[in-house]
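Residue numbering begins at 1 within each chain, and the chains themselves are lettered A, B and C in the order written.
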Amino acid sequence: MKKLISLLTVGLLLAPTLALAEDAPVSEISYVLNTFSFLVMGILVMWMAAGFGMLESGLVRSKNVATICLKNISLFGIAGILFYLMGYNLMYAGVDGGYMGSFGLWAADDAAALAGDYSGGYAAASDWFFQMVFCGAACSVVSGCVAERIKIWSFLAFCVVLTGIIYPIQGSWVWGGGWLSEMGFLDFAGSTLVHSVGGWAALTGAIILGARKGKYGKDGRVNPLPGSNIPLATLGTFILWMGWYGFNGGSVLALGDAASAISMSNVMVNTNLAACGGMIAAMILVQILYKKVDVTMGLNGALAGLVAITAGPDTPSLGAATLIGAVGGILVVIAVPFFDKLKIDDVVGALSVHLVCGIWGTMAVPFTNSDASFLTQFIGVAAIGVFVMVATSVVWLVLKYTVGIRVSEEEEYRGCDITEIGMEAYPDFQTIHLGGSGVAPVVGAVSAARVATEPIKHS
Amino acid sequence: MKKLISLLTVGLLLAPTLALAEDAPVSEISYVLNTFSFLVMGILVMWMAAGFGMLESGLVRSKNVATICLKNISLFGIAGILFYLMGYNLMYAGVDGGYMGSFGLWAADDAAALAGDYSGGYAAASDWFFQMVFCGAACSVVSGCVAERIKIWSFLAFCVVLTGIIYPIQGSWVWGGGWLSEMGFLDFAGSTLVHSVGGWAALTGAIILGARKGKYGKDGRVNPLPGSNIPLATLGTFILWMGWYGFNGGSVLALGDAASAISMSNVMVNTNLAACGGMIAAMILVQILYKKVDVTMGLNGALAGLVAITAGPDTPSLGAATLIGAVGGILVVIAVPFFDKLKIDDVVGALSVHLVCGIWGTMAVPFTNSDASFLTQFIGVAAIGVFVMVATSVVWLVLKYTVGIRVSEEEEYRGCDITEIGMEAYPDFQTIHLGGSGVAPVVGAVSAARVATEPIKHS
Amino acid sequence: MKKLISLLTVGLLLAPTLALAEDAPVSEISYVLNTFSFLVMGILVMWMAAGFGMLESGLVRSKNVATICLKNISLFGIAGILFYLMGYNLMYAGVDGGYMGSFGLWAADDAAALAGDYSGGYAAASDWFFQMVFCGAACSVVSGCVAERIKIWSFLAFCVVLTGIIYPIQGSWVWGGGWLSEMGFLDFAGSTLVHSVGGWAALTGAIILGARKGKYGKDGRVNPLPGSNIPLATLGTFILWMGWYGFNGGSVLALGDAASAISMSNVMVNTNLAACGGMIAAMILVQILYKKVDVTMGLNGALAGLVAITAGPDTPSLGAATLIGAVGGILVVIAVPFFDKLKIDDVVGALSVHLVCGIWGTMAVPFTNSDASFLTQFIGVAAIGVFVMVATSVVWLVLKYTVGIRVSEEEEYRGCDITEIGMEAYPDFQTIHLGGSGVAPVVGAVSAARVATEPIKHS
């Protein structure tokens, strides 16, 4: 639906100038190109799952790294299975202005194209693939925020509901041709439908789980619990940046004619410049505020710019795209301490990046796209926010009062890797147990200054 | 040959419905698309060499990490050179129902296409590139299994023979149009031709080399020698998963018409769901058996699903593909302790993943493809297994009794990085020397419990 | 301009055999394919920024890793913004045999294509994207060479000038259609225009900055300061190798006809074999010279082969491409100790790889391309070398005598991560402070032998 609508839109808008595009001789090749675009761009979006995995692996403490690795790869597996079992149908099967599609297995049918009728536009499986990886991305947003204290199987159970039911239902409202799409709500590649959804789900999770032990002192002090591997976090950001070309570029949903190719090119360049703007703005602001240029703020600034441009990368000029990204970068520098003030413990900054900038990007669409209105954009953001917060709260609470969602204090202290996965991420390295609240034995080469607040890990 | 046959097959099967596909006006563009598909998908398969490198770097102990890095990148270099010097010709030059092609330099000739005759289907070099990266992948399977005790130059000498002679000869039997292909043996993208070949070569290597010191205790106990970097292993798995879209998707061997594009889409989606099925099945089984959800089993489960679907990703339904992968995931959880019981020391689980699931996937083809027969599939698996085991045993034994294949006990204890590469992988980190059999000095921050069995590395 | 010229060249050279290529019916699709090639190949080149980031993160000491991460990702952001604000125009806007284009914002105009005239050949933004990532690559070369002692903001200020002014001006001389292009200077994908430019900029930076403390002893001894993470360096090399397919393959600048597809295939295969040749040659030579097969020399050998083939990957035979790469690999093994003898402290070997092999590759073009002359190639190498050395020296010196370019001795000793970024790259790991010149306390599990020259980091 998403792409059918887009294809029609492109067709209508460009009809006067692109009469040649409907010519029969190129239509099989257009079909092939549309399909290949979904596949190549979908692979790039799948790659973002690795990006989230590396980013989060780098930003949690070493005692929880193996767990976050397993979560990030297995949630992608769950997204694939659930989107096949029900998600795709719920999102796209006969929504037609309504609130959701139907339950049931997705089944492809390409018979028409094999019989020479290419009006479907692309191979069915290529569209399924492209939409599935988006579903996985929404889920990836959650894992980082609730890391270091959630039970892995409870988290995965949550992912089943998020990818099988919650994500597809709200997705049907816009990309499935549902009521928000009929109102004119615009979200090109998912600032709201993907990123804010992950953000809202993460927000309810973080609130219901509570903060990590030792994060917020009794005197109101916020203890930094620094990430254990900055190059991995940087690699993750690079991967996400790379994958975002596919996320936004592929959301043109066609490559079979010159207009689509031009649009895809513009989208990719705007996406890139928004990332640049977000990163540089965050770096400058953090240097001014804190006199050091915090690397994780730079990384999150780039991601903030990417999230912000995602709602409308097709219409801004390059300068406007850079600015939209830059505002995202500034918002993230402000939002991180804001959530800490609320004692909402977001391990990797996912709320600041995906929720705050997802909203910002969606609300910024009318600045450069006259088809969008601030009111409709606000209605879409709010409706999806309320729905996802309510739905995910129910799921988190059901899990909490049945199987439980939080590991014990002892398990949290020792780290989820040992207690849940039975395996350390870095068993060969002598590690320093950062954070936590136990007694700190003075040993080895660790300086007294650090030991004072941080117990040693008896690795 | 591989693709010529496939193209003809596709052509014949779809001839009634696809009369338009042979139309002259699109043929140059079809040629371009076929070529571009080989290049893009080939790049993804090349990327799998990095995936193997990171997976294996994460699963060996820190004292052997630099060595495994060098092995993984240099074997890809060797594969490139040998496939140019002889491999491609041996595999594809005039096999015609026989057992091998001819020795000699590969030489491209695209004159016909430049003169306007596009019946060759694709640029010669694009096919060479795509086939070469498959050859490299077979070789990558071996390095992880025999890690931590093999001499690097002996290993690279083995790679020369594997990529230059052994892999191409058995490959010629099927993809080169040789006797197995004439019998009707089906292996779409190489469960047998690539993965089991690497697996058999690794098996003979692991047996002839013997186990690592300290792996198997005198009382029959199996000592875990845990991998040193789980995020790297996870990254490697993500890379392999991503690359597999190219491995299987590119093996459609065409993109110039709608039928190929549809087939490629189906293949990619089945590939993805098999990985999902393998991972989730392995995670659930390992949780039931061991009460913890071992992250490396999850990773190997995903890879097991990918190997299993590779023999026939084009015919199963999505549900069948998920199940084929899930059986692979279950097999890997069973196979890992099985090989340990036989005291065959497989450092990264390569035999369980690539050999066991390669066989499983090949034998599963007849379940969903009526053109395949269990007997023919079995003959292919067995013939290639016997050939590769005999041939690689000869090579390993010749190396063993000439230059030697195993490092000394002292070198193994200190780690190959220092003794063979002259460089540590992580020189800045204080490390704990895991495994080995020396006396254990009690020092620093290491707990007595671990020290009891593990000597400290004086890094 | 770069591609316009190339397209015309291809058109003229192949005119007799490719009459069909100008046929109207395929031209919109050719336009789409040219555009898509720029986008896909450009994404691969963007990915090289991550490759440089990981390579350099692996080759610096752990106390400077977070800083090098931030530098590598932020320089790519700066390149994007500056190439938009002025770089692209300076390089391509009306150069016509001259020395530079004009200042001013880049503005796309695809109106002709939308009106059905596809003679522009590709979407404007796709070309901008492809050229921008090349600009970023030149800048990435610099960061590794001057690592571990440069102030981050001064480095980024340098990047602004390099990517906004210096790179585009010299680029305009060749790819912009300027005076060197009119003389017949040939540099297919940038051995000189990208790699040697980064190399010259790094050379002046390394000289003006001076060597790291402790690198060169008073007795003339060179102290190795080993990189902290070899798997990351290996990953970086794999990423760069992968990205180079796009770097060179995309520089065919077209994909809309069979001749372009054939050329792209040949270019990618030659690129691959040059990397193989460089790596294997470097490994063999280093084994002979030093009796160990240094992994970083293997990695740099592969990169040396890649840089060397970049000036002319379209004309050599596969054997010649392998040899051109192999000579690059040999040069890098010779050049690394050569620069150390000159006490030019190049942290990652960037001068040996990008400068030396960039020159070698450019001078090697006439061996396989009869359109090139040694004299013209030499003039191009020298002119660009002199221009970039003078221009970058001015920038480095202005920065040195205004804001300063080098961190204090105390900051260098503690590491830039703490002093400039306020964050450690690996805070959880107990680290050994390698290099430096302070007093060495004997502590923990560190052997006396190492401690004698290396103080412990009180992490």
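Note that in this section a contact is a pair of C-beta atoms (placed from the backbone, for glycine too) under 8 Å apart; a residue touches a chain by one contact, two chains touch by 3 or more.
Values in this document were obtained by computation on a predicted structure and should not be read as measured data.
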Shared interface numbers for chain A and chain C above half of all numbers used, same, or below, different?
-> different
What angle of turn lays chain A on top of chain B when you fit their CA atoms, given in steps of 5 degrees?
-> 120
Rounded to the nearest Å, the gap separating the Cα centres of chain A and chain C is 31
For chain C, which residues are shared contacts with two or more other chains?
-> 25-26, 29, 40, 229, 235, 426, 429-430, 444-446
Please name which positions on chain A make contact with chain B in the complex.
-> 25-26, 28-29, 31-32, 35-36, 38-40, 42-43, 46-47, 49-50, 53-54, 57-58, 65-67, 69-70, 72-74, 76-78, 80-81, 84, 105-106, 108, 110, 113-116, 118, 122-126, 128-129, 132, 152-153, 229, 232, 235, 420-430, 443-446, 456, 458-459
Taking the complex as given, what residues does chain C use to touch chain B?
-> 14, 17-21, 25-26, 29-30, 33, 37, 40, 44, 61-63, 226-231, 233-235, 237-239, 241-242, 245-246, 249, 255-262, 264-266, 268-269, 272-273, 275-277, 279-280, 283, 287, 290, 292-296, 298-299, 302, 318-319, 322, 426, 429-434, 444-447, 450
